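Below is one structure. I have some questions about it.
Which chain is which? They are A, B, C and D, in the order written, and residues in each are numbered from 1.
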Amino acid sequence: MAPAGAKKSILERLDAGELVIGDGGFVFALEKRGYVKAGPWTPEAAAEYPEAVRQLHREFLRAGSNVMQTFTFYASDDKLENRGNTQRFTGQQINEAACDLAREVANEGDALVAGGVSQTPSYLSCKSEEDVKAIFKKQIDVFVKKNVDFLIAEYFEHVEEAEWAVQVLKTTGKPVAATLCIGPEGDLNGVSPGECAVRLVKAGAQIVGINCHFDPETCVKTVKLMKEGVEKAGLKAHYMSQPLGFHTPDCNRQGFIDLPEFPFALEPRILTRWDMQKYAREAYNAGIRFIGGCCGFEPYHIRALAEELSPERGFLPAGSEKHGNWGDGLALHTKPWVRARARRDYWETLKPASGRPFCPSMSKPDGWGVTKGHADLMQQREATSKEQLKILFDKANQND
Amino acid sequence: MAPAGAKKSILERLDAGELVIGDGGFVFALEKRGYVKAGPWTPEAAAEYPEAVRQLHREFLRAGSNVMQTFTFYASDDKLENRGNTQRFTGQQINEAACDLAREVANEGDALVAGGVSQTPSYLSCKSEEDVKAIFKKQIDVFVKKNVDFLIAEYFEHVEEAEWAVQVLKTTGKPVAATLCIGPEGDLNGVSPGECAVRLVKAGAQIVGINCHFDPETCVKTVKLMKEGVEKAGLKAHYMSQPLGFHTPDCNRQGFIDLPEFPFALEPRILTRWDMQKYAREAYNAGIRFIGGCCGFEPYHIRALAEELSPERGFLPAGSEKHGNWGDGLALHTKPWVRARARRDYWETLKPASGRPFCPSMSKPDGWGVTKGHADLMQQREATSKEQLKILFDKANQND
Amino acid sequence: MAPAGAKKSILERLDAGELVIGDGGFVFALEKRGYVKAGPWTPEAAAEYPEAVRQLHREFLRAGSNVMQTFTFYASDDKLENRGNTQRFTGQQINEAACDLAREVANEGDALVAGGVSQTPSYLSCKSEEDVKAIFKKQIDVFVKKNVDFLIAEYFEHVEEAEWAVQVLKTTGKPVAATLCIGPEGDLNGVSPGECAVRLVKAGAQIVGINCHFDPETCVKTVKLMKEGVEKAGLKAHYMSQPLGFHTPDCNRQGFIDLPEFPFALEPRILTRWDMQKYAREAYNAGIRFIGGCCGFEPYHIRALAEELSPERGFLPAGSEKHGNWGDGLALHTKPWVRARARRDYWETLKPASGRPFCPSMSKPDGWGVTKGHADLMQQREATSKEQLKILFDKANQND
Amino acid sequence: MAPAGAKKSILERLDAGELVIGDGGFVFALEKRGYVKAGPWTPEAAAEYPEAVRQLHREFLRAGSNVMQTFTFYASDDKLENRGNTQRFTGQQINEAACDLAREVANEGDALVAGGVSQTPSYLSCKSEEDVKAIFKKQIDVFVKKNVDFLIAEYFEHVEEAEWAVQVLKTTGKPVAATLCIGPEGDLNGVSPGECAVRLVKAGAQIVGINCHFDPETCVKTVKLMKEGVEKAGLKAHYMSQPLGFHTPDCNRQGFIDLPEFPFALEPRILTRWDMQKYAREAYNAGIRFIGGCCGFEPYHIRALAEELSPERGFLPAGSEKHGNWGDGLALHTKPWVRARARRDYWETLKPASGRPFCPSMSKPDGWGVTKGHADLMQQREATSKEQLKILFDKANQND
């Protein structure tokens, strides 16, 4: 295997018109495997259970990912306190361990390491630009020390905070990607996707796009709006999308967190591998060249992206050794009527049943119409108390 | 950690009224992780990618499993030829590697190792009792050599073949469990669940029940019928269930393989953790004391069983360190309306939407009414040819 | 138009192998038109709004019905008191008016008049056989006086009460048909459909079958069981089915009344005309020759039966002047993509969407497990009081 | 009953802030009763089966309608030729008969007669303004002769044609209402609802709004946009809505005609009476004071509007004699668990199941992207030939 330095950088790849396959979402996948706690969603497992994190990196690499994102979501000290981090690792320990794991696995194949930062409790609580930037700076110090290949500012609901992040990331001299978790209606302040993209590019991001919060169809649609905005402004950028692995046609502006099923009953919404192939093709057709996933993406979902785009890339991922193209492994099945499913048109047109006749197909999102600055959104260090929860339950019942 | 010999045996546990939590299905979970090929479904990964198999064992152990089943499904030499096993490991290599992995992880906690055999292509192709028994014997030789703790004959559609398997397993002197993959209508020859159970107990199985092919609700119902049959016959047994992790209300007698979504579009049917808690409770109330899962069960599903039954077991599984009871980890979430979901009645009554308004909630099963002995079911060593597939596709189109 | 006397009787038709098309349900159709009150469901409109009742008879005649059932459902004096009958017509007035309307319209075409009786509050309240028979006798006196062509005992949940009714009807010397509102599980005392049919035939019914409470698929299945029972007993009979015009796959033993949607939210379950053609064909194939409908059937549903069976009958109904076979009237539509729907395979295979993504596809039936004799089912003359309703609402909430 | 002249005019009512309840759709209701042919949808029944048309008028009057629209949809001579009109009534005969029927029933209660014109084949075929206006003029001559109370130009997909209609109607001196069959995206040329409304008001319409093509929710939303446009332009108008009685959340710009279920499989989409009460309240809250329905509205749907708005109107409709408020007639039902449904909160929150687990909840609309002027939309006198249909079927299959 070639040393990391010998690999083409993210910008060399994209500038050359190459496709870059991202990875999937770690917090959801590791929650199901038993290593992340839903609610706090903190990544102390990087230090606490490195073999589990390493294994997931390997599965994504094998599935075709060119990017190992460090498992550093929400890895700032203030967030880590009094959350799932019962073994009390410091933010620095976690960030460093995550960088080492990503690099170890990236070295096993043709992948780059991307250090990631995301939106902060401090911004929601109306802290100053300086305070918020200081938080990003602290994480980035580790990324520089560990010499990641590029940086991603991801999962921002307000473009203003994302701009601040990009400005900090740019100080490293490394390539910078920036993704918002917004839909076609724009960020939570109503800034349109086109304008958001322009502002991110002007702040210095070379790659812009969308991650999380919405399904692939919605994310591709939103990146298209971003691309239109950038081009209309006479600017240039590369585009990326890392959507949910869940169908969310019923989301409103705030995305899947508002769906009543979040986060413990999203199973019926999980995309099939065929849905993923459709997404990969649509993203490609929209001009997106950095195509990956976020929460809900399992390794086989990433493999489906790599398989769909194998004609463009010129090769199949390693993991395809265990996967037949469009189901052709079924030609080896015991039952003849299952062998008859070994064909593209079968899987491409199938409308899969939910097996849940007592459930609806869409939900009404929650969402109390509060945004940054509202008292309900001020973040506190302590877990919500029983009294506070009682008030919330009553409020929820009134909103039903 | 106590040495393996110091652990209570499976029968000591069940005789004492203890609950035994099984593990989940390896072929489906590892297919999604990239290590098993759908269609052949063979377990060469035990030898080829041991770290991936070990990691899955560990996740089930952490989730609360007391049983590590050796990853030896379909691990007979005839099945392994010309299937997914491109590295050409022998059946013996695979079976031995699987035993070693199961034992290594079992030793990390309070789990036993179970060696498993399942239905054979030979039986479907009408080979003799002697021939079929010889196949079981070959796998069992490895299990004896590796000194597994007990044996499971699982995934049989015809009780006659299961009886043969039990008779072979009994020769080892180890405890024997036997599960069929049938529903309330009985085996593929129309033998009722009650009669099937009686025949298995008479053949020597100390534990009988159901695995795979149907959802938890259906499996519990079927085990109840088995229990009624055994008790009516004046016999005694322990009962186990290892159902699918998919909702299958629309199955007919042959189970989920006939559903049009098998195996690549079952996502909308995946059970939530709350569905699993309901299953655990119903299984317990039905008198089942060996409660696990099969295809579709991920580690968090097993953890849900262990959490639901923690009052009876007296402890939570290790993995609950990263999981709040009934969603109470959400009390730490950023958004107040998500914090309001940190309560049992919310998750217990939620009817999760599919996010797929263009899809139905139930499917009509395929199934061409053929069973053992029919020409279409004679097994061949070669992959189905293009000409054979063409005939199948036409036949399928006529049956639509 | 030939005089009534010149028409072939119901038994002459059936004995000759002719198909008899029944009519649809009056109480549901007239409720939607504004002339029947849901809850009491009494037929005082026969006397109060004769033009509305006459019009509905005419529409069914035009749709192809050979039978005009008198609109006399629940038309006994005790039922009429303190129910919807605010103008205080006597039972005799209503029964006579209904006979006159049915005869007037029957004379406009090739239809017979059938006088109908149905289950009584008295039976539910455990009155004696004599008391119950006296109620039937009172209605039948009018039917004899008005010289209806034959009699139908319909809508019985207990075969015993139906036998009593048949015994009374037989005293008139007119042909007698008897239908129960039960499903494949049998009557509310658990008497199987086969045995029910045998008892009705032995009581003197020449035509037996099923009406109301279940969808066509279920009713045809149940009539098949009746036919098997009759034939096994070495008896002979003609068979009829008059099912609901609603899809009810989720019903339990007691039928659609237990569905939460009864009676004011059944709209999404209404059968299309194509569903009706399928029903007509299946009923015909099952050997049923008196094929009609009950609650939910509108005139166009009956026309669909007559159109499907026009090859067997040799003619189309009058109403087909305004209806193209399998949608061929659409060949005249303005939009070309609607003209493209003018074909059988389009409508026969369409899976119509509900337009209700927030609703499920099946419901859990209510039903408190009470039957004849239970205090909750004792009938009272007065409307349920507010105090009684309060108790019921609480009970319902507990059962949710 | 007061003579027609003594009634308050439509504008006197609306100017005084009174609510006006419209009627429902005649072509769909009479198609189900057997008097209108789907495809041509012509109203020759006014002359051919007057008793059926009169009865439907009466049912709407009884349900609370204040407006009897003449049954003159598509009643122009060119449309009538070679369509369903096999008895060859002239356009004049049909228009006159329709006026007489509407007047006769209007005189039985507090209702006005409205003469209606709708979009013409001539406009679609690109005939001149003069030609199109001449067609409207011919129908209006009858309305003037028969002295209808006011005029409605309804069911226009292009605002330009609606303006021409309004200009012709204004020449009579009678009050003029104008409704388009468009959604929030505007007319088929992309003119926004707000601008459409302004143009109709400027053309002389005193009442503007929406009818047909979309469900109540969408229509109310669209009328709101019209109202905003009118108010922003400093103009004044009254507002009306006459939506479909079908749920159509899956429609695109062209409305329900493009749904695959149109017109013969819309049953699962039919609104319940409770859906209708919600619509009435939302329309009222949006400032709409002329509230009625179109295709799919049956008499009980109109009654539901009148019942919901009875507090504002001060009285219940005549038909409520046979209908309990919010289901309270069920307090008289035989079964106690049905009596427990006699309450508002039960019906208001119920999510009715479709009873169709094999069907989806939404459809993808057809629609070939053609509009006025396209060869496929040129209207011909002859029925589409077999050869033409064959081409359409092939085209449809390609679009699937």
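What to note about this one:
Criterion: contacts are C-beta pairs under 8 Å (C-beta built on N, C-alpha and C of every residue); 3 or more make two chains touch, one makes a residue touch a chain.
These numbers were taken from a predicted model, which means no experiment stands behind them.
Considering every other chain in turn, the ones in contact with both chain B and chain C prove to be A, D. When the interfaces A-D and A-C are ranked by how many C-beta pairs touch across them, A-C comes first. Averaging C-alpha coordinates per chain places the centre of chain A 58 Å away from that of chain C.
Between the Cα centres of chain A and chain B there is a gap of 32 Å.
The distance from the centre of chain A to the centre of chain D, with each centre set as the mean of the Cα atoms, comes to 48 Å. For chain B, the set of residues touching two or more other chains reads 250, 351, 353, 357-363. If you check the complex, the residues on chain A that touch chain D are 351, 357, 360-362.
Only residues 250, 357-364 of chain A touch chain C when the two sit together in their complex. Within the complex formed with chain A, the residues of chain B that make contact are 31-40, 51-52, 55, 58-59, 62-63, 83-84, 86, 121, 124, 215, 246-250, 257-274, 298-300, 303, 319, 321-324, 327-343, 346-347, 350-363, 366-368, 370, 376-377, 379, 383-384, 388-389, 392-393, 395-396, 399.
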